């Protein structure tokens, strides 16, 4: 599958599954010393050729300004971990749950299988595209495939966008189950 | 992208994302002294060539009667603001929340980033296609990209339908998060 | 649009909008003394040529046995009303609400606009494909475009499948808003 | 319809309907002494030719290692029942409800019609791909078309993948209605 097609497929699926709204989230793939990252302001579910920006991981070039605002976070992750791809999304049930815990712990079997020790939630003062986010989450992503920025969303890493999508989709599914679990528990 | 294709794409996405039901909502684009607006009774997620009506912004012509019932609201917005496009939708969580506040204030980071002072909710006696709605919301849309008509839905303005979709989708995402936040809060 | 295409489009949209599950619901169009009705056991979101059964409205023929189990209800509606098309669906929020009221009354502006006096809920002993349902709802559909069978689903009539889809989709949207309204109300 | 197309269609619909996340679930069809089963790690909503693995039902061969982790469960079901096809999914409302009952009993008419005695919930220590799951659920599937593994998901059997999809989709629809029913009940 071509790289553009991989961006398009995963971007579309994130939207259809309710993991992003029309313009939220961003994705990137490591390509040697460069990253291919979604354009600032692009709609991940309707990506076109011009929406993928190839820019240096470490340093500025003529394309940097077109990249997603979250590029500093992607840069820090690529510099500090072995991630080959990054998916940032806004899964609503996880975001809501993140206000109430320092670690998201699934109650369902699949969630416990993939995330046996839970997923860390980090608190930041400035959640959007900040150096603070970069500094706090990049080190964590050496030992966990996903981090939740409290009240903001997820950063998931892996060998491909599909990996990042997998972790994001699975975790939000667990958060939906956990939410329904609490509703059941309270109404009986 | 052709104008028809832009209407079709945004109309489809509004439906798939649950921001409109089969026949709710309407959209328009300013074209000099005219507006291109969706047909009264059209399904925004399945728009065809005949579903886009070009009619005068200020005045009546042979096409006016085919336009969306909400045309008076679109007209007032075009006359009083610099809006190039308008998206009216019925996002269910925002509509529900609008009964309980005079301003919708997101709890999530993206919502606070895009809408730092919140989004005004206006109360009207007659919410559907009324001069009252036109008179109340057009002035507000000079300084905010979205207004919520209590119990009815959103009017979002921008330079393109994509802008209006962006604001609508982002706000409803914030309303879903806010709703899940309250459910979490109450069950702990 | 061909009749098959109309069935396919509306059937698909009902599923995508969550108004039916994989095999629930059925639809028909009046064609003179016949009705074209979906096949028993068909998936409304993936209808093919053989899934549309043309059979007498009043009487049995070689195709009757292939028609939806709910054919007796469709027959009674065609005999007692001027309906040109019928959409039966299983909208989950409306079904849940139907246990608690004799009339569903929207709280949102669109719902009140289209259904100013509310939508009747009928109680039956045997809700599935019964003569009892036929006898109770057909007379009501002379004066209301939709009836809710308590705990079962909706029957909506109009001049086309699109009309039936419109009423069904709009009502369930109102039921979602009403449900979120109550959740908001209880958590403040 | 070709077998690959049947896998693709049902896999896609399971995802769109929210019954699986990006990589959850698996499906198989009995083909004489073999089963055709989805590949371990495949995305059911985007299956390609190489994602369908043909392997012995009873015994190991060169393809076994590529099959879904849940192959032991599929094997036990094929050996102990007349199932021609199996659908395993993760319907979130059912999973949440399964923590609170030993049998899921629908409140809606369709659910009671298809599942008049309810659907058994089995408790296991190790829910993922275990011999324990195989041993507990295969005997039950002689007399019920679906079993829920507590906190994990559903196994549904029938003459085709469509049958398994039918039971899964219908049950989760009932679980959504039951959840909304309780929310209504508590807020009145």
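Quick notes
Each chain carries a letter (A, B, C and D) given by its place in the written order, and its residues are counted from 1.
Keep in mind that, in the parts below, a residue touches a chain if its C-beta (ideal position, glycine included) is under 8 Å from a C-beta of that chain, and two chains touch if they have at least 3 such contacts.
Since we're looking at a predicted model, the values are computed, not measured.
The minimum number of touch steps separating subunit B from subunit D is 2.
Under half of the residue numbers at the subunit B-subunit C interface are used by both copies of the sequence. Between the two copies, subunit A and subunit B, the Cα superposition rotates by 90°, quoted to the nearest 5.
Separating the centre of subunit C from that of subunit D, both taken as means of CA atoms, is a distance of 29 Å. Subunit B has residues 16, 183, 185-186 in contact with two or more other chains. Those chain pairs judged to touch are A-B, A-D, B-C, C-D. The touching residues of subunit A, when paired with subunit B in their complex, are 15-16, 18, 21-24, 43, 45-46, 90, 92-93, 95-97, 99-100, 127-128, 149, 151-153, 179, 182-183, 185-186.
Note for the complex: subunit C touches subunit B at residues 9, 13, 16-17, 107-110, 113, 162, 165-166, 168-170, 172-173, 176-177, 180-181, 183-188.
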